[in-house]
Amino acid sequence: MNVLQLIANGIMAGSILAIPAIGLTAMYSVLRFPNFAIASHATVGAFAGWVANSVYGFSVLPSLAIALLISGLVGLLTDELILKPFRSAGVITTAIGSLALTIGLENVVRLFFGNDLRGYDLPLARDIIVGGIHLGPQQLNNLAVSIVVMALVFGFLFFTRMGKAMRAVADNPRLADIKGIDSRIVARIASFMGMGLAGLGGMLIGLDSSIDPLTGFRSMLPIFAAAVVGGLGSIPGAVAGALVIGIAEELSLLALPASYKSAVAFIAIMLILTLRPQGLFGREAN
Amino acid sequence: MEIYIISMCVVAGIYAVMALGLNVMWGMAGLVNLGLVGSAAAGAYTSAILTKTFAIPIPLGIMAGAIVAAAVGAVLSLVTRRLKEHYLAIVTLGFAETIRIVASNEIWLTNGTDGISGIAGPFRADLTPFQYNLVYLGIVLLVLLGLYVCCQRISYSPLGRVLRAVRDDDMVVSVAGKNAQSFKLKAFSIGSGIIGLAGGLYAHYTSFISPDLFVPLLTLYVKLSLLVGGVGNNRGAVVGAALIILILEGSRFVVPFIPYISPAQGAAIRELFLSATLLIVLRFRVTGLIPEPHDHPVIPRPGTATAGTSIKAF
Amino acid sequence: MNRREFLSASAIVAGSLCAPGILRAETVIKLGVLTPLTGAGASDGPRMVKAMQAVVEEVNKAGGVIGRSIELVVEDDQTNPEAAVRAAQKLVGVDRVPVIMGTWASAVTSAVAPVCWESKTCLMTVSGADSITQLPHQGYIFRTQPNTALQATKHAEYIASVGAKKVFYVAVQTPFAATMREQIASVLTAKGSSLVGGLIYESNKTSYRSEIDSAIAAKPDFIYLNSYSPDLTVLLKDLYRAGYSGGRITQSYAYTSKVAEGIQADVTDGLITVQPSSDVGSEAYSLVQKRLSNPAADSYEAQATDWISLALLAVQKSGKVVGTDIRDAVRLISQGGGTKVYSAAEGLKLLQQGKDVNYDGASGNCDFNEKGDIMDCRFRYSAAKGGKIELIKIV
């Protein structure tokens, strides 16, 4: 098998994973718990985008924006109304509360949309061949969307007041508090952004395949794996982690049957975390 | 009706055993394990393979399953010894998925996705289904009682005290001259062993196991059992397991009364109901229905202040 | 209004509101449905429920079975053996149903099978694992899905007959994936073409590009896609992108008319779907098409129709609503020298007149061997064209 082709495929797969992984890690950095509800929000975003695209006839880019907006709003609301009260009870209680929430939201989607598979209204293009490597235009578009989104997230964090406030809260909540940063607003922005990115990622995944109420749940483990390998709380880490997971899964085909794909990803995580317990880009925890 | 109630009690009992095992790890030592189905799978497969291939008696098979699960738990604990809790959560989740994938692929050992059927049950051939369920309920209750007593003793033993200290502040443990790592290892393998035993109990009860059984959903149910019952509390583990089965099964009888919905919507409502009930219980009783007893005059109740594994961002 | 008047008035009101309910409570026959409504099989379960409900409605309108109306008690197996066992215990313990229909995943069927045979309840399933009918089930299991050997042989013969020389086999990890590959390979070789390779993939991934690349590297002119719907849509798109232009075949339950709505037509044009079928002249399938208003009713809808029809006819034949009697009666109405019937309603009418019937189903003749497998069937081949699924032929 062509190794370069496998790596290219891995980068494509990883770049889609990177978006929700960034969302997860951004939320984590401010709210300090692994939010499993990211799975159902990816589904919510995928369906919101589907309604915009297939029912109201919007083209893909505006539909992606709608996916981001709706899942971000749902994320903001569920966090305010459901998860916030859990946070005083500790990290793991909140994390498990978020697991219960993800089951709930998945079934709200099921209740209204049923279990049928749905596809977006989007012409499919054949691959182009560059230097002997097949590249799908749709995947290249997804890659471009991913890169733009990553750039926007970085721009937001480093060049806007709110972004800087977010980083300050992530770095040291108490100090940020002294400096007069309203951590409640920062928390809301983080929820909106994190879940919005999850929803965007959900729709990107759906563009390549099809969507149903389990869309987000299917991708939950790789998303978490990406964020953890990169170092929870680190945005460059989430991108690197997603690429590591994507490429490791594809390269595993060289040595193992395809039915072992996810296992390889997990073994890669274990290896990386054994060598660097804080993940690739995570700073040493105190 | 009676046979249904008895069989649900058996399942609840097995959930309770798993919740007890989880409590040793999570409740007492504060070790997150989202991969407990991996331990259950290790126990169930060991016992099923040994009793089927080598015809060893069922109790020995279940014991062997528990030992293998404990050993696997110990190895996992060693590999992950440097990880902080959020990382541990995802690694254990991945561990369980890896076990499931291996069980699906290594057909020579596990019979692959076909699963292993015809696993022996105690006196199953000689009893009516009703009697069999009753006998098995007796066995499960005995095991549960025995383990409950053991866990209570661990809880109040020097080991239990150290484990709680490890959970709340492992610096204190190190200062006291104890090796926190070896205590974590002990807690992880005891807990995994108990969960492996529950896996064995389940395998011999239903007579069939397959990789599909050991999915994250089951982990979630057990985790929620302990959380609802009260983390750090053995009584809570048992009560929580009973409650989870009550919610899971009770909702079957409520949903048919909702008019104008399709069966698929009914199924969705059932799961929504489960999720909502759990969120409500957790919301208003954050410590679970039966909170961990806490009567220290000075040291505050843990959980509120310990969330500070402040990982620096960006 | 005094108390007595009030009571009788409210009784009348209540009675008129739920008269059918009261009538049902006394005479209703409850049959169990255990099928995936959530989890991995959730896109298939609801279709099967609908197909069964359609038959029940038709029969209830025509007067029911042994003078009683039918009610389906539907439980969700969550595509999970543990949840399924609890649901099955409820169906046999509380509703005391004599038959459970609709299990999908092989692991679920194997898990609930002991509950069924120990409580003397029939189990009707689409699960493909050959091991299921090998269980010591004392005749309680009926599987309308052809076993691996039968499917693999017939499908491979068809593939060879359309002139394919180099065939590649792509399958999701299931109990029948590997055995099917071997059987296909040997039939193809006997027919002068060959299996150039095969791979078994992990379900639920969002991309199968590399798997597809490795399949195409073997330069096949035909690919057998043994998948379920969510993976199939990904595989088809990846095949299209990679520029593959050879033949493709898959099961009708993976490429249903609903799935077709969600994929671009040019991706699927030429895709062949296959499903078990009865003889060319049989009306059973066209009755399903009409009942479900779906010109491309798939294999699962056809099989679900057959389970409920067989169960109802067996109840009528034995005159009892008992699992063991249904088990013994199924072969009396599904095979033998009786008048051929193509729907439950038609068969019930004849049975009530004391005549013998031989039910010919939408998914085949429904003649069962002693293990509960169907003995033989034909296959219905269709092709995707412009988003529609059109019949090619029945062989």
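A few points about this structure:
Labels A, B and C are assigned to the chains in the order they are written; within every chain, residues are numbered from 1.
Just so we're on the same page, contacts are C-beta pairs under 8 Å (C-beta built on N, C-alpha and C of every residue); 3 or more make two chains touch, one makes a residue touch a chain.
None of the values given here were measured: they were computed from a predicted structure.
Looking at the partners of subunit A and subunit C together, the chains they share are B.
Looking at which two chains touch through the most C-beta pairs, you get A-B. If each chain is reduced to the centroid of its CA atoms, subunit B and subunit C end up 35 Å from each other. A straight line joining the Cα centres of subunit A and subunit B is 29 Å long. Multi-chain contact residues of subunit A, defined as those touching 2 or more other chains: 107, 110, 114-115, 257, 259-260, 262. Looking at subunit B, residues 101, 104-105, 262, 264, 267-268, 271 sit in touch with two or more other chains. Across the assembly, subunit C contributes 37-38, 42, 45-46, 173, 202 as residues in contact with two or more other chains. Contacts from subunit B toward subunit C in the complex involve residues 1-5, 7-8, 11, 101, 104-105, 107, 112-115, 117-118, 129, 132, 202, 206-208, 210-213, 215, 217-218, 248-249, 252, 262-264, 266-268, 270-271. Within the complex formed with subunit C, the residues of subunit A that make contact are 1-2, 5-6, 9, 12-13, 16, 107, 110, 114-119, 122-127, 134, 136, 138, 205, 208-210, 212-214, 218-219, 250, 253, 257-262. Partner subunit A is touched in their complex by these residues of subunit B: 26, 32, 79-80, 82-87, 89-91, 93-95, 97-98, 101-102, 104-105, 220, 223-224, 227, 231, 262, 264-265, 267-269, 271-272, 274-276, 278-279, 282-283, 286-287, 303-304, 306-307, 309-314. Those residues of subunit C that touch subunit B in the shared complex are 33, 37-38, 42, 45-46, 49, 74-76, 78-83, 85-87, 89-90, 92-94, 105-108, 110-111, 113-115, 118-119, 129, 131, 135-136, 173-175, 178, 202. Of all residues in subunit C, those touching subunit A in their complex are 37-40, 42-43, 45-46, 173, 199-202, 204-207, 209-211, 213-214, 217, 229-230, 233-234, 237, 240-243, 258-259, 261-264, 266-267.
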